[in-house]
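So, here's a batch of structures to check.
Across the two complexes that follow, chain A remains constant while its partner is chain B and subsequently chain C.
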Partner chain A sequence: MLPALVRLLLRYLLLAAGVVLLNFVIPRSLPGDPLSFGAGEGTDAAVPLSRAAKDQLRAYYRLDEPLNRQLGAYLGDLSRGDLGRSIARSAPVSDLIRDRLPWTLALLLVSLLIAAVVGTAAGVVAGWLPGAGRDRLLVAIASALAAIPEFLVAIGLLLTFAVGLGWFPLFGGQTVFAGYGGDPAGVARRALDVVWHLTLPAATLVLVGTSAFVLLARDATVGLRHAPWLVVARAKGLSERGVARRHALPNIALPLLTFFGLRLGTVLGGALVVERVFGVPGLGLLGYQAIRARDYPLLQALFLLSGLGVLATNLLLEIVYLRLETRRGLLRG
Partner chain B sequence: MPRLTRRQTLQGMAGAVAALALPRRTAALGQETAFPVDLVRFAWGTDVGAPTPFQVSPAGPGGPVLLTLIYDTLTWKDAEGIVPWLATEWTISDDGLVYTFRLVDGATWHDGQPLTAADVAFSFDYYAQHPYTWMSTEVVASTTVTDDGAIRIALKRPYAAFVEDIAGVVPIVPRHVWEPVADPIGYDGADRFVGSGPFALEEYDQTAGAYRLLANDRYWHGRPRVREWRQITVPAEARIQVVQQGEADISYGTDASVVDLLAGAPRLDVFETAPHSIVRLAVNTERPPLDRKEVRQAIAYALDRRQIAETITRGPAIVGSAGVVPPETPWHNPTLTQYDYDPDRARELLGGETFTLDLIADANVRDPDLMAPMLETVGITLNVQRVDGPTRIALLDEGDFQLALVTHIGVGGDPDYLRRWYAGEEANAFAKGSIFRNEEYARLGEEQAATLNPDARRAIVFRMQEILAEHLPTITLYHRRFYWVYDPAVVTPIETWGGLLNGVPFPNNKLALIDA
Partner chain C sequence: MARRPGALFWLGGGLLLAFLAVAALAPLLAPHDPRLSTGRPMAAPTREHLLGTNDVGQDVLSQVIYGARSSLIVAGFVTAVSTALSWLVGLTAGFFRRAEAPLMAGTDLLLALPNLPLYLLVLTLIGASQRNLIAVLALLSWPAFARIVRSVVLQTRSATYVEASRALGAPDIHVIRRHVLPATLDVLPTKLVLTVRFAVFAEATLAFLGLGSGDAISWGGMLNWAFSDPLLFVRPGWPWLVLPPTLATAALILATVWISGGVAVVRSSHTGNERVSRMHRPPGGGSRLYRRTGRVAAFAGRERVGPARPAGGEPIRSEGVQVEARGPAVEQVGDDSAGDGRPREPAPVEADRHG
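The block that comes next holds the complex of A and B.
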């Protein structure tokens, strides 16, 4: 297994290097310029900056240097762990990411877990008796949810539960300047406030994300329903529920885990649509704003983060597979 | 408060002495009595960065207007015109090159240190090294503090917009904070938010894009009426709703339907600003067939701009002035040739020719969908390219366009922008597509910038609008108002003369927030 593992790691190192380079190239290949102010939403205003002043800013952010020197500076900074300074926000990129990362992780990991658990359970239930009423109903719901664009779900929930019924807040990750206090009661108040704010965004992601798990788990279940070892399990006198949980579920786990892993890899990219509609200060919204501002340093860091996130989860999955294959090989031998 | 009207100010600019004393306030120390208003929450669309002149975002007016609460400027504007602020009076040399400002007594910084002419001189000198991104101070040649404590600012050339656009816009910063700072963009010292304004920054939540400002009890101009001012970031979709649900006290939309929406609301009012926003076609006058005046005029006639405006703004149309400067603003020329909807006249001007024209537009605007069938009936096929903001700017910058749809503010204040757009002196997006080679216009642009006599300047600016209206290097579709939804129990909106700063349609002029 070891030589295979070394080869794997080498391959991923090369990929990571590629990601770093692409992160530098992609933002700069977008049309536009980080110092062209005024791409706002109808509130662009006159910004009578003189040419000399603009050149000064260009020099400050080293945008006047040739690309190879900019790349050298970027790699040098990166090797020291310095992600640079956001041009549009005039703050260290690492601060911006550090402040928003917890929001994205909380929102996306929780939604992904709920979607995976609920979706898998529903999929197994549906696939156990294919063609039955509950199968048709669940597949219909899952297909419909898969077909509705995320922003429609988000706006629908916002209009119904925040605007209409007023049960949930209209925007944000928590109440601004709430002053919860640092005591345990304050911490609890803050946690509740955050949960209250993130319920609708998370519900959107769960609704949209569950369907894929439902369909995947259903198809896998249908495929092994008549497997001989399940017949044996039934013959032993296990209940249908017991058969499903103890014998069927472990056997459909691999494709589901793979799918979960792929989803997990994209978490660091944030959830742009949901974050934007609900004003959750996550990485997706930050990335959207960075793209609109052509904020090269911030874009580089965000791309790097999500690129490395994908690479890391893929690497993890590959190592798991490698282990499984090795084991199988040993068994065969 | 004695105030300088526009006419008086303009007379002052013509060389007379504008000598007006402000009532001096003895500033009270410490919080002793309750404030008439406890809290105002202002909902804006984006985080505007750290509120220092060097770190604030110039991507929209939300940041620069926030700065006006924390910092002061030499002059200011009320509903009638320019008024003294940190400067109680000023004189202008006969050649228009030297401005001498006398400062108010007793002004202090938030940290208690006195604000002096040395701070003002330092500010302009420092901006020469570290530009304020919202306003160029390039015209300033030098500063001197006179023996009697006044500040003398020498310009490189006479500049009629100086008192309104520079003295009235550029924040004065404390020398004792910034002098040792070599890199103000990267500076994160705790004292970086020290200003002299009616409010001091208490807390900035960068993640939420939220600002908490507390009243400066020692404010030299009078006691703030509001104890706490917050600026919060709310997604566009929810902005009006948060005011309706009481989570904010004031916010805005550019859609007139809010007037009907809130007609029966018991607690809220709508404040309609003058139409400071403009929706227009930037025309590349160097690309055939748009290099011909007749073709540009035909486009103007072919577009039913009233219908477009009513459809998009869902309210009474303010059809675009062909001279760019919007009606209801100080420099608007009301006597221009306009282009009332007349497809027959358009066809006549085109003489049977047909064209396909490329139009660059942002992805989310509906105007091109309304324009295309109108132009089709006169033989012009519109080929719409949807792009994002920075791409549009890049294409305009490179001159790689025929027509581009742009929407922006900043057209209701000092009219020098009419020159700057076509002289290529603006760093902002929309000025990039300004391509117009007209000798008379360029000459008049220089002339008005140097003409301090207000009546003479007005005549020149009116003539510039006539030239724009005839040649149409840009075709104004319509003007938009900002509709501010607010709670009148805590907010008193002010329509500032020519807009706040350089034509910003915000109602939160700090005059309404202090007892003056």
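The block that comes next holds the complex of A and C.
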């Protein structure tokens, strides 16, 4: 029996290899090939590929070579960090992604963190007294939010706060043509401008993301309501708030942590939609534009990166999980 | 103590039926051909065009009516195929040990992938059409429930009544049909409702991202069309382009949510009193529990050799179903098949893959 950590690493290594391989296999195994698509597909909105673009794609996929050479070249390029050149933008894909990554990362991390904290707090409050008025209210709100797709939430916020009230900008990541100046005050102005532009997109992701945390934290809290250590904590004379914070919260932290990692994969999809609605110049908008131009190298890179990114985060969280579990086990045993 | 689904369940059901009727009767109900330009562009609502027209003069009401078709066709086919695949893979992996490792490895890989980037890549490669959309959504949405079905099969397989049946020489196919399959059917309603919701979600989202069917009219596609206009909110008639498809999508999804809530209520009353089962669970096995919680009643109508559920009590799983009924997380249907006492693997968050 291998130690748990080694097994964990092995499993994730296999999964990562699977993602890398899948990224190679998908375009080559689907019906037709990337070049021929669009010939007879009815009224397709996307533009047909130009001759130059087709040549570029053929070179990118190395379709003239045997399959094993294709795989070798693919892995070789990948190991050097070469993700190919974007067809629509004629720039290296890795450069494009590097430019856009900070926007998406900031949007995702900030909103996911807020969602996790707010959602967990609300969930504990709701689950503390199941069936009480505030429990039913919170659960109803969370269920309603969980029931609406991101793009509807985004459109709703946009219509209300940007179009209707005019509090926030309609579009973009920062004001176009704004001169901020290089001095510290200018930097601060720029930061404020960006925050102002990103408020609605982040709010969308928070609204959509919070509900899941609320429901999960609530059910976890309900589950340990009658746990003996909570009775003891109360008997010691701790306030309800103290019981919740010191004794209940640590016990529901683990599943929530795991869930945090799992959310990342879906939030990524959410970012795609949200960036499209609000025109945030992040990876999602890049992806949307890549769909329209059928910029395959870019799409492949986005798929690969998001897949590996989600795996890496999950691995990290599982290692934390493993450590916490071991410690708990020691204490118990 | 069978609880009845509440009024919301019936409201949701009625709403869904109404959408189905609209979809089926679209050619009769729609006042205009949704593809033709039948009026002045960007016209405000008139008697002729009850919801106005879009920027090329197509009738918005007719488009909304035909949009119900796209949503429901995609939802229907995706649900059917995805459910069949979940059960096929889950039963096979759970029942035949040799198939388990490769099938579960594939399932795990699919579960680990971020779904939307995957859909985008595949759909852009094979081209966006309704058929392709259905294929992609169906072929990529089965893994979570395949896991759940497998864990049920694993529990059932070790039950004494299954062992007895096999000892009597029953062929595999008989054991599966008579004993294993019925045990898994408990999670079927949940799967159906969740997948319908997931498909409606996904169809609208993908269409909104420009990957809807090129030739079929859909709500997401209408919104995509509207948002492709950089001057959308400057135009006076923009609410007529944005609100009808938005509200229609929201209503359909709401209907499925209400239905799933009702299904969960009924199921949680079927699977017995949770509090009792938790507190009085006998250490050794569940048959006493089984009698005590009166679950027999729930299965009285069914013909069965043994107890409806694996001994060992804990039905799969009122909690999990309640969780997802209120929101997007199915998980808790844990998978302790490894049996090494480790905590459950991070449970697949069903509804995320599923909507």
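Basically, the second predicted complex is superposed on the first by the 255 of 333 C-alpha atoms of A that agree within 3 Å, B and C clash if a C-alpha of one lies under 4 Å from a C-alpha of the other, contacts with A are read in each partner's own complex, and residues count from 1 in each chain.
One rule holds for everything that comes next: a residue touches a chain if its C-beta (ideal position, glycine included) is under 8 Å from a C-beta of that chain, and two chains touch if they have at least 3 such contacts.
These numbers were taken from a predicted model, which means no experiment stands behind them.
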First (chain B), second (chain C), both or neither touched by A:85: first
First, second, both or neither for A:276, with chain B first and chain C second: both
Residue contacts on chain A - larger count, chain B or chain C: C
Touching partner for A:268 - first (chain B), second (chain C), both, neither: second
Partner chain in contact with A:30 - chain B first, chain C second, else both or neither: both
Which superposed partner A:95 touches (first chain B, second chain C, both, neither): first
Partner chain(s) touched by A:212 [first = chain B, second = chain C, both, neither]: second
Partner chain(s) touched by A:166 [first = chain B, second = chain C, both, neither]: first
Partner chain(s) touched by A:311 [first = chain B, second = chain C, both, neither]: second
Touched partner set for A:54, first chain B, second chain C, both or neither: first
Overlap of the chain B and chain C footprints on chain A, listed as residue numbers: 30-32, 37-38, 41-46, 155, 163, 170, 276-277, 291-292, 294
Residue numbers on chain B that touch chain A, as the complex places them: 45-47, 49-50, 54-62, 130-131, 133-136, 138, 165, 185-186, 203, 205-210, 212, 230, 232-238, 241-242, 245, 247, 254, 277, 387-395, 397, 406-411, 417, 420, 425-432, 480, 502-504
Chain C residues touching chain A - in the complex, by the definition given at the top: 105, 108-109, 112-118, 120-122, 124-129, 201, 204-205, 208-211, 214-215, 220, 223, 227, 233, 242, 246, 249-250, 253-254, 257, 261, 319, 322-323, 326-329, 332, 342-343, 346-347, 349, 351-353
Complex interface listing, chain A residues touching chain C: 4, 14-15, 18-19, 22, 26-27, 30-32, 34, 37-38, 41-46, 139, 142-143, 146-152, 155-156, 159, 163, 170, 211-212, 214-216, 219, 223, 254, 258-259, 261-266, 268-269, 272-273, 276-277, 287-288, 290-292, 294, 296, 299-300, 302-303, 306-307, 310-311, 314, 317-318, 321, 325
Chain B-touching residues of chain A, taken from the complex the two chains share: 30-33, 35-54, 56-57, 60, 85, 88-91, 95-96, 99-100, 103, 155, 158, 162-163, 166, 169-174, 176-177, 276-279, 281, 289, 291-294
